[in-house]
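Going in written order, the chains are labelled A, B, C and D, and every chain counts its residues from 1.
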Amino acid sequence: MSHNTFGHLLRVTTWGESHGPAIGCTIDGCPPGLRFTLSDIQTELDRRRPGSSRFVTQRREPDEVSVLSGVIADEDDPAVMVTTGTPIALHIDNVDQRSKDYGDIAKQYRPGHADYAYDVKYGLRDYRGGGRSSARETAMRVAAGAIARKIVPDMKVRGAIVQIGEKAIDRSAWDWSVVERQDNPFFTPDADAISVFESYLDEIRKSHDSVGAIIEVIAENVPPGLGAPLYAKLDTEIAAGLMSINAVKGVEIGDGFASAALRGTQNADEMRIGPDGKPVFEANHAGGILGGISTGAPIVARFAVKPTSSILTPRRSVDRDGNEIEVVTKGRHDPCVGIRAVPIGEAMVACAIADHYLRHRGQTGRI
Amino acid sequence: MSHNTFGHLLRVTTWGESHGPAIGCTIDGCPPGLRFTLSDIQTELDRRRPGSSRFVTQRREPDEVSVLSGVIADEDDPAVMVTTGTPIALHIDNVDQRSKDYGDIAKQYRPGHADYAYDVKYGLRDYRGGGRSSARETAMRVAAGAIARKIVPDMKVRGAIVQIGEKAIDRSAWDWSVVERQDNPFFTPDADAISVFESYLDEIRKSHDSVGAIIEVIAENVPPGLGAPLYAKLDTEIAAGLMSINAVKGVEIGDGFASAALRGTQNADEMRIGPDGKPVFEANHAGGILGGISTGAPIVARFAVKPTSSILTPRRSVDRDGNEIEVVTKGRHDPCVGIRAVPIGEAMVACAIADHYLRHRGQTGRI
Amino acid sequence: MSHNTFGHLLRVTTWGESHGPAIGCTIDGCPPGLRFTLSDIQTELDRRRPGSSRFVTQRREPDEVSVLSGVIADEDDPAVMVTTGTPIALHIDNVDQRSKDYGDIAKQYRPGHADYAYDVKYGLRDYRGGGRSSARETAMRVAAGAIARKIVPDMKVRGAIVQIGEKAIDRSAWDWSVVERQDNPFFTPDADAISVFESYLDEIRKSHDSVGAIIEVIAENVPPGLGAPLYAKLDTEIAAGLMSINAVKGVEIGDGFASAALRGTQNADEMRIGPDGKPVFEANHAGGILGGISTGAPIVARFAVKPTSSILTPRRSVDRDGNEIEVVTKGRHDPCVGIRAVPIGEAMVACAIADHYLRHRGQTGRI
Amino acid sequence: MSHNTFGHLLRVTTWGESHGPAIGCTIDGCPPGLRFTLSDIQTELDRRRPGSSRFVTQRREPDEVSVLSGVIADEDDPAVMVTTGTPIALHIDNVDQRSKDYGDIAKQYRPGHADYAYDVKYGLRDYRGGGRSSARETAMRVAAGAIARKIVPDMKVRGAIVQIGEKAIDRSAWDWSVVERQDNPFFTPDADAISVFESYLDEIRKSHDSVGAIIEVIAENVPPGLGAPLYAKLDTEIAAGLMSINAVKGVEIGDGFASAALRGTQNADEMRIGPDGKPVFEANHAGGILGGISTGAPIVARFAVKPTSSILTPRRSVDRDGNEIEVVTKGRHDPCVGIRAVPIGEAMVACAIADHYLRHRGQTGRI
């Protein structure tokens, strides 16, 4: 992965700071002839958008995306864009940046933030809103993911919250239809968890604190054969994609860390011949990937988001001039930034798979 | 990451199968003027070498490495090699491949193995010993890591087993000197865990089963400022490097998955001014990385290795011709392949950091 | 080189079509702390801008560039932008696209154009103005080059026309001050060539024809040591950068093709010790590059631009439906597109050198 | 292009110095299921091999290649290797290195050589035989090219000398069958040029001098649609591949530099409908590439090789210690290194096209 580009044949380059005039990305290597509408992208962006509930930042960003290149209008339906195979530029104006909120922290190093690290790396930093490390950057990932989803025929990539802070969902109650329910601001697939999360996060928020989360992303209808043995393992690239999201500190595939405690007899997913004569797996401890290559079983990835570092509780720190200080991060922040990470995680998984779909087709011609 | 290359300015390309004549790698982008001896590499290889205890595969591979390019002999001490800045080729002959062990599984898909995935991807496979997915490939990572360690002045990268199967170490007993003790075949830093692991793995092995493990790698004296905000986060590249090891299914940095359950007030490592006038962190939940950039605190990474898929217990599977079968994997396999993953994990962390050391110097000139 | 990105540590990704709403680029990997003003970029863009004389296209594009990310304002002088080390997005709106000019050629393959090639590659094409192959894309190269020039201290990159059609300049009359003279619409360094080119191109234009050109770019004050022996030879990357400009069909370094006819005794630039005690070259047949690495002598590159394919003279061709037709390309085209290639060539040379400056610093730390 | 790797989906990484124990390369991304024999590679290597006539270096290198990974033996014919899709490692031992020939030039900078440039870049150098800049490295390109040729069905890539020093061939006498004639040590397609070159080079050699050459490579049966508009133009990547050969100083496609003097009416290859109903070009000024994309017409590339810098005539130079000296390069050198560049050029063109074949299939699925 390059500094601001991810992917190999399908390459997404993002740019923009939280408090600059705009953010954007360029999607290079997209196959020609894909058809999509602006609302295909906007729908995904709306799922990530701030301000949608009291549990996410109150910054008001409409996140209206425009497509500046790489498409032509369909002859019959001008609302349909057809990709031409040239780079697709997506652009979103920032409309609600309030730089003054950040004035007093220009010289302070907020604990848990990248302030100190940026300063020591670059010798200077854009202190407004976390610069590149703002959650705002992730809008472009979601937009790019909306197009990546079109590349792999029939692929379905869905995510859900499985844990917020100390509260885990009941996996036996998993119901995908719950995730997108209007009264569910948490992307939880367990209906009973909604009220649990609500009261838990209200308490967190009122105590001027924040909390982390774990997100699970499942990709279905992924053709077998995508990926490669080692340095381009499908797991490697999904892990890299997810870990590249700000605040993510852990990634796992299939049973992940739990597989360390399993025995070989438990962990090796046994195979049978399915009703259609093709091999099927009787379990999916591997999360749909063996030897770095997709098997046709659902791809299962999970990632951990640390608690939002911007909190209203004072923390001890230092400033640029070497003074010991206390920092309180004002501004409008998510009490659990992990919630909005669900569509972002989906996007990164979709991009990693779509990239490997093209690479597999390129190397082998077998798709 | 490319298919068989990792790194950007420091690029390592590996080749070779477990049962071919040799394995090797090319290390490109290495700074000129580094000095090392063959034994600097050999020492690391010996730590990973099979056959060193009854808990690892009994395959006998001396893993004698030769350096075929990219160095000149030091004028005063011909045993010292000096890098010239051109690509360094490392080569290890395979001496104990027994392909006949694999003959009867040429058409079988071993559960938990990549056999089926390779076949569906490539339309054919080198069935001898798992091809590229053999643990043998990792020798080249260890060799490359030995050179990467020379690139970052004073950097120390050490790893340890923190869990084998269901048995976790007592972290309060952590003692690095234990890890390299002759009577410790497990790289555990907890002396009391040695006998626990022994009896546990003896039981596993006798029951013709295997088990997974969790490894922790800590890099000290890493200069602050290495990494980059998003797609080249130091965490991202460490995660990619570790996940690219065969059998790895999860990676985390600092508190990792546990950080999901933390509150912002706990997780944000507070800062003070240290005795030397420089900022110090009072805790290291972040694992030495904030916003993708090293902070100067120790880098902490952990990864999970699944149980060895090659086991003597029969498992249900299918073959190439669509028959339902039972598979027993003969051959000489590690009951816990995770043990030998310790030096491999160290090597990948060393390579990722060294690469970012060069990239940081390139972009900023600040080192 | 990737499909729409060039460079390695300094990476420029361009997007946009001639007849879409805008064009733009992202410059990734730029060192932090560089200082520039908008006019530093605009001045370069104005040198390439259409409509500046009767010898270039009459399309009116102000080419006003905006900087959307990657910089902060200098504290003392807000007109000065300071790079932060994060990706710099540049954006230029298209204001004078007249798509109707292209309506009747939507199905025609214009000889010398990429129409047929695009169609056969992508299965469809954006027929408006040549899509990505329009000269308009090169504005972003020039903008990126303006920033690249800031990376290598004291580097000076200048270009000049040395041949238009059959008319070559008199090299003995070379005077750099002539190149930027207001009454010189040709970037020629030979004052006497101005009137020759004027009458020659007037004749070409009136005969509804076009003609090619050869451009020479010279980079001075390039530190020795930039480049690498083979696949990243400084010559290789300059050649790739220049050849990636639309309509370019040949590239040479130093004596280039003429060196084939030289003898080794003539071609090997002899060395002496200069007044400052450093090695100097007594000739520069090598164009400042030996073994792919800069020597400190001026870098000399030359490239050939084919005649504009859009001409008012009818040419025989075919259309998408398999009919044999005659094509006349209306619209506003340069009679010699090579003229405006001068600042473009400078930009590509500047970018290639700046990229290698950062790579050299990264690998060796010797700068 | 990376420092020692070329290609994108088909990636070749070379290593080795002229005077080390061996040279080699790794070919990554090769499609699975290709079938070849060792002699397919050896035949190509023999065409480049030194010592085959008095007009090339008398170094005796059998250049026997071995294949160390990435293939399995065909079940029916064990001499046939079948690619598995994993990295193919090729290895050639150096058998005739005579380092003593180079002892006295360890501190001298040979004019025209990279000695000074290496020293200033790396701070040290492997002075034996030019290190990486030795023509020996090109053996691995030829070997890789032999495999690349298998990737594009029916593709035929052939090269020929069109000029040696001041002596150009008569293009109207072009006869491919002449090129491989046993009595033709020059790869010339013009039978009458053989004796001209013989006496010309004998004179050059006896006067202790050397001379350059121009080589033309033509690739036939290249499917239309390969390449990409700008930074991955097929011309760009062919140019980069050819320019990356040591001693190459110029590259052109189709009419190349001559196209600068053409008019648009001459240069735009007109199209008609061929007998099979498909578009055909009535001329090929474009060299088979328009807008960076292959058109189906033959790909035509030409490159210039400078005269061998190692000559027996004394040249003025300096040494590491700042002394002004005279240098005579002993050793066994080609009087015209360009002759052996013919199969090398073919290999680079084959690799560039094969890489784009896979990339085109990956992005578009249209092949």
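Following the convention adopted for this analysis, a contact is a pair of C-beta atoms (placed from the backbone, for glycine too) under 8 Å apart; a residue touches a chain by one contact, two chains touch by 3 or more.
Predicted model, so just to flag it, every value in this text is computed and none were measured.
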{"item": "Distance-maximising chain from subunit B - centres being C-alpha averages", "value": "C"}
{"item": "Between subunit B and subunit C, centroid-to-centroid distance (C-alpha), Å", "value": "45"}
{"item": "Distance between chain centroids, defined by C-alpha means - subunit C, subunit D (Å)", "value": "27"}
{"item": "Cα-centroid distance, subunit B relative to subunit D, in whole angstrom", "value": "38"}
{"item": "Residue list for subunit D, restricted to those that touch at least two other chains", "value": "2-5, 14, 29, 32, 85-86, 121-123, 131-132, 229, 364"}
{"item": "Chain contact graph, described as a line, ring, star, complete graph or other shape", "value": "complete"}
{"item": "Contact footprint of subunit B on subunit C as seen in their complex", "value": "9, 29-32, 85-86, 229, 358-365, 367"}
{"item": "Contacting residues of subunit D [partner subunit C, same complex]", "value": "1-6, 8, 14, 109-114, 116-118, 120-123, 130-133, 137, 163-166, 204, 209-214, 224-233, 235-237, 239-240, 243-244, 246, 248-273, 277, 279, 282, 285-287, 289-296, 304-311, 313, 315-318, 322-324, 338, 360, 364, 366"}
{"item": "Complex contact set, residues of subunit A against subunit C", "value": "2-5, 11, 13-17, 20-24, 26, 28-29, 32-33, 66, 68-70, 72, 82, 84-89, 121-126, 131-132"}
